[in-house]
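Chain naming follows the written order as A, B, C and D, and within any one chain the residues start at number 1.
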């Protein structure tokens, strides 16, 4: 089986990471690569780490260019995916790496994104309860946000097992690639090196409703989320510290048992041995998720910490994992749990 | 007035930062500099950034060497300060930059540090309620831990004003100098660059009881603290994200009003204008504390974020500020709110 | 004596560093602060590390705004200084932190900068032979480039003492602040962290003719310079590795003797003890220059390595040092050799 | 064909990188993993990024443990390889990633390493003239040093084509993993972040004679090398700036033509298009070598700049490439020119 794949938005960080992974996917043949303002340029000038594709020239993002592929990945700015997807036909697998089709609640979408809601597609987080069945055979996939990936995987078992009160508190640190490749002064190397700072504090970050959606579904009741993202001086990686009040009767043992059961068969989730903690460096470039749990009896809380690569499992790796499921390929085809460290 | 100061532990990061600040303190004359294993070496070989002191030779840490000074700063490993302090006499101002005399509860000390409690000295965080009067004229000062400094300043106004429920959730990122200068594999540059990881999760960090002590005092009731420290890829700085459930009736306006009042006359606390968030780079090398507050109505929580330089306001700057008060000098003598950025 | 100083270009990195230093200069009173596109903004929003000036509002860069000061610092894009300087009058000390008045050779200027040559002002590198006398009492100062500062100080003694053949080979690493605050994709944190790359290779960098000018003057004959700048993953600092073939008879001892003599009385040049090497971290935020020399007998070359802070001694500190000389103040007024490390 | 491979020294950076690559080599089956002081530990505790091997337990480095493999990789401290290799028998392919068998000149070895010379093995840099034929079928391989890999590939074409005078000047920046995993104070994250510093200046670095050996062989005459290594604030990567005086008649065109011819068929050497410069981030985790050349007519020099990943092409990737040749496998089996960026 050969899967011919096009990538719209190939000059950005998400597109570049996707190409890095597609290059080693044994079933994928890389087709059209498109861009907006960078159309006409050699990919080698924009993604110099992708040597096998260096001489490819970026084409404009049009339906004509994207036609004739089995899979089309959309790594476009928010709000642009629907128009492109409509023109691609129902038989093409369209994988949207943007936010457009993640949320089920139109009002949430409009509140956080300020535009009309385009719809809801099957959600590309296979590890969630029912996640795989929603993706199998689907022709549309909404790839989760990077923070919701890290946070949902950390907390859904606790909520599904009724271990935690429905008020989650999350503080996460992200590498700068999560903010994209557009040149903005606060993302300059001079500004971010040696610096930690928060943004989108107090519920303002657009990934908040997506976390609420996932955790509430797992809990079977509405879960509130206090989410504080911070920008860390590293190119990649998310470390999410997630906690909630423990329900009565929770112990370190019962907590760990729930997580061991939840992830026993997951190919990409690495519940670490007791005493070892997640580190973003360990999942650098890999599709693995490192998770560890703790029960703070004095504070009455459970703490779950997860580490992912925001571009890999958090975006492009997650997209590919879901594509594999949708196409009926083994889920881990072309994906790895081997990080590049140190 | 000339204050003759000795520094025990001058070869470490805390000692080095203290010397950096003492060098520009107009009243201080730097006396004996001592070390343990580094005794006998030129300071220039160990602290090459302190050029005016490059030719000083480190002496052994003994009562004889430390005698004859007005102030003795102790930057020693935990558990060593009491024995030294006893030999220095009651007329000498002893400023302990270690943990030995911070905690009031002997059981807490023994649980977290595993040795007999040495006692409790006036606590060197002047901004806390009653903080300055406890220090004025004192001959003994316990310098707070770096995390408790960042966290207590962030949250005490909310607790003192009864805005927050007594269950604080804190996630903080620290630069690597907070872990000291002892060579350990996990602190190698190869390990920490490009990496975020937690440690001491679930209430295990030794600074937890100190935070509980401070916040409970402010609240007038016991406050629990869920504290997760993380190691960030930067040499200096702490960013503390602190939150608690808002008590009924709290609004963004009432929250901000409380903080404006609390810090109106504080020379080193910088409650940022609305819309601007703390950044560790902005306080790099400075004694300033940047603070911003948010009320997340949807999650029902108040979030307070603070940024300090862990070595400056978090250790050596805080020590100097308290020394100024104890000696009756203007509190900001020799201290600055100007950071070194970018 | 109170010196009233204006800063044109106060929102950039050079302007910000100058303000950081002016704030602690005992004779300076900070007057007008101007900007181009940032005029009208609070300085606190742009330079959040300069808390004492946070509420200052930037004014437009006009002769009216800059009038009435004793000193005007120009931190403007290349080619804009001459027009401003002309309007300020001959009695005002104008310190140009741009390149406009550094080069003596008009053809060099036009070749490297592509515009008509504006003239040549006294050159603000006091450590060069004759450097101080050219500055004393001057009303115009051309502040050297950051790389020429590091390189000229490293090599002029060897050339002045006829130790080196007139063909210098220089490779220097600079922190990213040297590239300024304008948002460009290749300067994003995601691009520069974990990355070293060269630029302006093969003689293309604009600082090359300035190095040639300085070294040729020291040597008394034309010196060629092969200069390769590289961008390093750090916000500040220049490490310059400078070498040239040793002339016959040069030994490690004669080389060191020349350097010891050259810098014996220099307040800011730190010829390190044998066995210790320069490190940019040691001069972070300081006006010091660390230098070390080596004689490679097998390769027949002398190697001189210097470290400076590109924003401090390399720009703003050097500007202030020259201002002190021009105004007859002690040369080190308001300047420090104490770095902020780690 | 299944190649059973053992790795001695699996807990260090070189061993870890080798395992990362072996895990995706389609012909290799990973056998014994050994260590010295870390024997008995789970690999997951020491190399947490290698999840598929997490439960492997390190064995002691003995001939018994290493017996029964087709290939044995030695990632041991200098001076330990000969004793192990002798016990492994002549039929086993032994790949020494240490320095022991790189140098041909016993006096050079003794001068730089201070111990008796163990011998000389076929040199694992296939791109050098005659490199592949020396490796084909060999049962012993000496993997080059990381700096000599970057430097020799950059300069051998110029020397082989008689374009350059036999006096090379090299300044290289290396990530910290090149210094290994042993905990030393100057390699702490607090020390290396935000810092550039040189070491081994003046011909003292042990890789110097290896560069001289390679470049002299290419030139057919003795070449002197002035080599200055610097430590850069990044975990991986080497950027080598290499230059030499151009011989009469050299032009930019002739220089480029020589390099295009030299690398036309090289699978891992990426002579970049004109105008594009090497960047270590582009080869992060990859076996590619980026090279660019320049002719500085004014200075009369050719400049060649190369970028490699010190752990990949500079150590483990180079080892694997040579193993492939020795075993008669396609040279690029299991190796990639795709970097992990940003």
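By our rule, contacts are C-beta pairs under 8 Å (C-beta built on N, C-alpha and C of every residue); 3 or more make two chains touch, one makes a residue touch a chain.
On a predicted model such as this, the values are computed, not experimentally measured, just so you know.
Engineer: Roughly how big is the turn, in degrees to the nearest 5, that lines up subunit C with subunit D by CA atoms?
Structural biologist: An angle of 180 degrees brings one copy onto the other.
Engineer: From the options A-B, A-C or C-D, choose the one that repeats interface B-D, i.e. more than half of its residue-numbered contact pairs are shared.
Structural biologist: Checking each pair in A-B, A-C or C-D, only one repeats B-D, namely A-C.
Engineer: If I rank B-C and A-C by number of C-beta contact pairs, which comes first?
Structural biologist: Looking at contacts between chains, B-C has the larger number.
Engineer: With chain centres defined as C-alpha means, what is the inter-centre distance between subunit B and subunit C in Å?
Structural biologist: From the centre of subunit B to the centre of subunit C is 35 Å.
Engineer: Could you give the separation in Å between the centres of subunit A and subunit C, each centre being the mean of its C-alpha atoms?
Structural biologist: Those two chain centres are 45 Å apart.
Engineer: Which residue numbers or ranges of subunit B touch two or more of the other chains?
Structural biologist: Answer for subunit B, listing residues that touch two or more other chains: 13, 175, 177, 190-191, 193-194, 233-236, 279, 281, 284, 342.
Engineer: Line, ring, star, complete or other: which one describes how these chains touch?
Structural biologist: Graph shape here is complete: every pair of chains touches.
Engineer: Where on subunit B is subunit A touching in the complex?
Structural biologist: Residue positions touching the partner: 167, 169, 171, 173, 175, 190-191, 193-199, 201-203, 224-226, 228, 230, 232-237, 239, 241, 243, 245, 277-281, 284, 292, 294-301, 303, 305, 307, 342.
Engineer: Please name which positions on subunit A make contact with subunit D in the complex.
Structural biologist: Touch residues, subunit A against subunit D: 13, 16, 20, 23-24, 42, 44-45, 47-52, 54, 177, 193-194, 235-236, 270, 272-273, 276, 279, 281-286, 288, 290, 336-342.
Engineer: Along subunit A, where are the residues that touch subunit C in the complex?
Structural biologist: Contact set of subunit A toward subunit C: 13, 175-177, 179, 181-185, 187-194, 233-235.
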